[in-house]
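First chain written, first letter: the chains are A, B, C, D and E, and each begins at residue 1.
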Amino acid sequence: MPTSFFEWVAFFVNKYGLFFIQGAGTTIFIASIGTIAGFAIGLAVAVVRTIPVEENDSLARKLFYKFVRFIFVAYIEIFRGTPMIVQAMVIYYGSAELWGLDMSPMVAALFIVSINTGAYMAEIARGGIISIDKGQYEAAQSIGMTHSQTMVNIILPQAIRNILPSIGNEFVVNIKDTSVLNVISVTELFFMSKSAAGTYMRYFEVFFITCLIYFVLTFSVTRLLLFVERKLEGPDSFVIHGSQTVPQAVIKGGRE
Amino acid sequence: SVKPLSEDELAVGLECNYAPFNWTQLDDSNGAIEIKGGGGFCGGYDVEIAKKIAEGLGRKLVIVKIEWDGLIPAVNAEKIDAVIAGMSPTEERKISVDFSDPYYESDLVIVVKADSEYAKATSIQDFKDAKITAQLNTFHYTVIDQIEGVKKQTAMESFPAMIVALSSEKIDGYISERPGAISAMASNPEFTFVSFEEGKGFVASPEDVAVAVAIKKGNPNISAINEILGKISKEDRQAIMDNAVKTQPALGE
Amino acid sequence: MSNPVLTVSHLKKTFGENIVLKDIDFFANEKDVVSIIGASGSGKSTLLRCINQLEKPTSGDILFHDKNIQDSGFSLSNYRAKVGMVFQSFNLFNNLSVLQNCVVGQMKVLGRDRKEAEQRAMDILSKVGMDQYISAKPRQISGGQKQRVAIARALAMDPEILLFDEPTSALDPEMVGEVLNVMTSLAKTGLTMLVVTHEMDFARDVSNRIIFMDAGVILEDSTPEEIFNHPKNERTRMFLNRSIRNT
Amino acid sequence: MPTSFFEWVAFFVNKYGLFFIQGAGTTIFIASIGTIAGFAIGLAVAVVRTIPVEENDSLARKLFYKFVRFIFVAYIEIFRGTPMIVQAMVIYYGSAELWGLDMSPMVAALFIVSINTGAYMAEIARGGIISIDKGQYEAAQSIGMTHSQTMVNIILPQAIRNILPSIGNEFVVNIKDTSVLNVISVTELFFMSKSAAGTYMRYFEVFFITCLIYFVLTFSVTRLLLFVERKLEGPDSFVIHGSQTVPQAVIKGGRE
Amino acid sequence: MSNPVLTVSHLKKTFGENIVLKDIDFFANEKDVVSIIGASGSGKSTLLRCINQLEKPTSGDILFHDKNIQDSGFSLSNYRAKVGMVFQSFNLFNNLSVLQNCVVGQMKVLGRDRKEAEQRAMDILSKVGMDQYISAKPRQISGGQKQRVAIARALAMDPEILLFDEPTSALDPEMVGEVLNVMTSLAKTGLTMLVVTHEMDFARDVSNRIIFMDAGVILEDSTPEEIFNHPKNERTRMFLNRSIRNT
């Protein structure tokens, strides 16, 4: 049996290495799909929630929007406000017990993580939208764009850049939150570690490995998002087209 | 280097949510002890044993409520003196902590729904094709392999989770020790459990079915604890367990 | 040609208890070029914003070809596509290049295809001297360049009416000349224009009507000659006197 | 013994009501302190990280800032990148085992939640800062404000409003994340529920109550933050002072 | 009074490969009022931004009272407190009221106490006619009102030099007159001013020197009479001709 910390680490890597990698695979799969789907849900919810209701809209329309907004607020509050472990159990076991629905754990997991992330993303996206100068919205309206056209073409592209750091947070949280899914028997990284740790009652060594894997996962994700952030900021220079003073010139402009 | 634990107190760590070994209740009835830092009183078989050990060592018993995964780190960091939490002294665990002699031995049963076909089973082999699981990080989970052709499910974090899985019929049964099964039945009348005669049940090494006190490696109190445990006869233990099963909140009132 | 393109009647706009527009009545016929002049804070921008429904009027009606634009059946999106607006603060789309700024509305709102839209955008951008900068982002161009793109963006939509809020404020005098030429030639094509401006020369020489606003009311609405030579109101006289002294 | 779902619920409310409230108290206490402290840490980190390094700064200064930024990035990545349960165990048990540090569980809990939240908040705050128009920063610089004066007086007041929805998310997450602190024997709401559930082996009923409590907590927090958001947006009207045309008038202006 | 307050030598600024300022040399003496004129995009704003170090020059030196402001020992904060700037896009602090916009710098940078700072701010705000609006937020006031607040904010710092980027672009002619009066009287108190402007009358009547910029270079730097009557350069002549024709 190993005696020192690092001997233990080596021991676990040897014995459980494959499982760790398998678990990490599941984790990153669920987290990625969940974050992307949640992001889409969040944007959609935020876009709908920001539809302006005008005074001269018909009563039916007003009531309809009121209702839709209420539904969305309820969705956000309920899915943010309750622990994911409970959501997982209610959706997975509850649906089986009540309607005899036989979801596979993985499908349930993807569904739960997406819908849960969506609730957080909806608020993040709202923050992003209110951070954009009102003039941008007005200018788009003034050329006749509808609310959704304005959002998709003008507001969201700018908002997304501002909220990327928060989206990174969500992704990282998802990588770690998948751990509660073992309650519906999804076997991801944290569950693997717990099995290994619990069997030998060596928490620090196993979690050292787990943390390293988590860290590598989240770090890569962060760097990736930082890269996206730079991309969204756009290039530093532009090309001057067919300048008349300097014919054929391809001059670049830059920014600080 | 660690600040020595108080010589007057015996700090014992457990979860207080594994009836009938340990549970949480509202008052000190039936000999329950107040949990350190508030949060109610902890009673159960483990607590009765802990009391006897504390008494034998001449110390005052302090109950510290800690999540399962924190128990061993806590004893190793000397935040507590001992873990008395229905923990089995497996080979693997012995690498990290020292264990006393066992203070209880039980047999393994399978909890099923009372109206299921498996309720009439007599041998573990009758569970062929059944979806069976057990708690994560217990030997219960490993013995499932002894059932031929079983559909072994992923291990689960906790007993309540398994109970939910069972009542929604995502699983057909889960492995438990007899006292736990009694508790589960008490509050879930739609459940029953199947026990097995000699030779038809699970084969388990004695240390797996036993539970023992865990203490930090090299702790000299081990012999004193063993001596105290040695004085509690098999009959006494069964009496204490019977009492715990009877007085646990799920059966109370 | 008998009915006005745009009619504003009894328009009132308050922010909280601050009455910014008091009781505005006016109309614009086809091919009208109406200059709106008046002191800073007199409500000129607010009036344009009400016409384009970026502010909801507190009361009063706005008719476009005799249809009340505040009726619930009225399609604001169509209306706005026909009523262009150049903002005092430009409000270029920050995420889009100069060219895309002028293309996106044509494609999304008018349904033009990319090629057609880019062709039209290039035409107009070269008219305002910004064809070299089509790939620049708004943050990379100067104030005057932004203003020209803002004008081009509005023109690219081929609107029926154009609302200009100080379209030449950030331009150098040379450029002012060119932009005013563009506007004058637009006027000839039948475009109706409402122009908030501080350029008295533009008001006098290009527009066929001038509205003088003061503290939320229209004090005069008349031809340039009339206003510059025989202002009815004492306040107008004062304003013009000082304006002319300074310009 | 109760038989129906709601009988069970009533039973648990009667029996464990007080403990649930106690647990909820601990939860909201840790989450509040943790969020506020984490918010302060996050702002501080983001402010320091955005200090511009000028080309004509001395080499020592440049290196120093490079170093500080590295430290902060490492802090963010490590504390976001590893599970809080592990952080809790390492900080509480590890510090005791290695240096004989005897923290009380509550102190450790507050420390861990704050420092962990700080890592997320740092990114959220960064998103808030980049969402503010550069002209605001330049205008403050142009009247001679230092970086920190600019941040404190001009940028952060505007940024905070934009990131309030994300701060709400963090608060809500903290309310739920305190549950991992059971591992260092902090008895909060979730652990209380587990005890009740484990003692009676009833899961759905107990967690139904827990969810309700969580929901009430997070919902109140959300509403509170929404109120703050409205406050930060400022009043809709302003007072015209000593107007000359309307003497003594107290006229209000509003906005859409 | 022998040495210039500000000296710019061999200043060059490129964005990527786009050379915006080529080789700028000029100085400003105490009490100088220098107008900077030139076409849109010629680099006027960029020059002011370089002087205030909001853009780092690519090369070249800027001396303030003979001290190089780009030296590592030089305190930019002190320098900027002495060099006021009015931006083309105003950049009022959106989170502060009109009064606070003019107070915050005085308190934080100059260390004045609130009472003194508010007194000073009120003085200046009433000079530009904005004393009624002291509790309004920037989003609640009109373009011209914003511009006046921006000017007041800069003046409240009691700077030695003021850099104005089109300080009257959003003002109505009446207001232009008043703001120019304020500036003229400031000039008399010994304040040095660099004013980017499209108001040729201001350039001619108020400033004692005019700099004409074109495509990143200074084509002329001379007295108003000289430039308006005997422009050395063909380009200058063209620009002024068209300007005067239009104004």
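Things worth noting here:
In the analysis below, a contact is a pair of C-beta atoms (placed from the backbone, for glycine too) under 8 Å apart; a residue touches a chain by one contact, two chains touch by 3 or more.
Just so it is clear, the structure is predicted and the values come from calculations on it, not from any experiment.
Shared contact partners of subunit B and subunit C are A, D. The chain with its Cα centre farthest from the Cα centre of subunit E is B.
Across the two interfaces under comparison, C-D and A-C, the one joined by more C-beta contacts turns out to be A-C.
Inter-chain centre distance (subunit D to subunit E, centres taken as mean C-alpha positions): 43 Å.
Distance between subunit A and subunit E, defined via averaged C-alpha coordinates, is recorded as 46 Å.
Centroid to centroid, with C-alpha atoms defining each point, subunit B and subunit D lie 38 Å apart. Across the assembly, subunit E contributes residues 15, 56, 89, 139-140 that each touch 2 or more other chains. The set of subunit B residues touching two or more other chains comprises 69, 73, 161, 164. Contact with two or more other chains is made by residues 89, 94, 133, 203-204, 238, 240, 253-255 of subunit A. Which chains touch which is summed up as A-B, A-C, A-D, A-E, B-D, C-D, C-E, D-E. Per the touch definition, subunit D reaches subunit B in the complex via residues 1, 3, 15-16, 18-19, 22-23, 85, 89, 92-94, 96-97, 99-100, 102, 105, 182-185, 187, 191-192, 194-204. Residues 52, 54, 56, 70-72, 77-85, 87, 89, 91-97, 104-105, 108-109, 131-137, 139-140, 153-154, 157 of subunit E are the ones touching subunit D in the complex.
Contact residues on subunit B toward subunit D in their complex (touch as defined above): 1-3, 13, 15-19, 23-26, 35-40, 64-67, 69-70, 73-74, 76-79, 158-161, 163-164, 183-184, 186-189, 248-250, 253. Interface residues of subunit B facing subunit A in the complex, by the touch rule stated above, are 69, 72-73, 90, 92-93, 95-97, 133, 136-137, 153-157, 161, 164-165, 167-170. Of all the residues in subunit E, the ones that touch subunit A in their complex are 14-20, 55-56, 139, 215.
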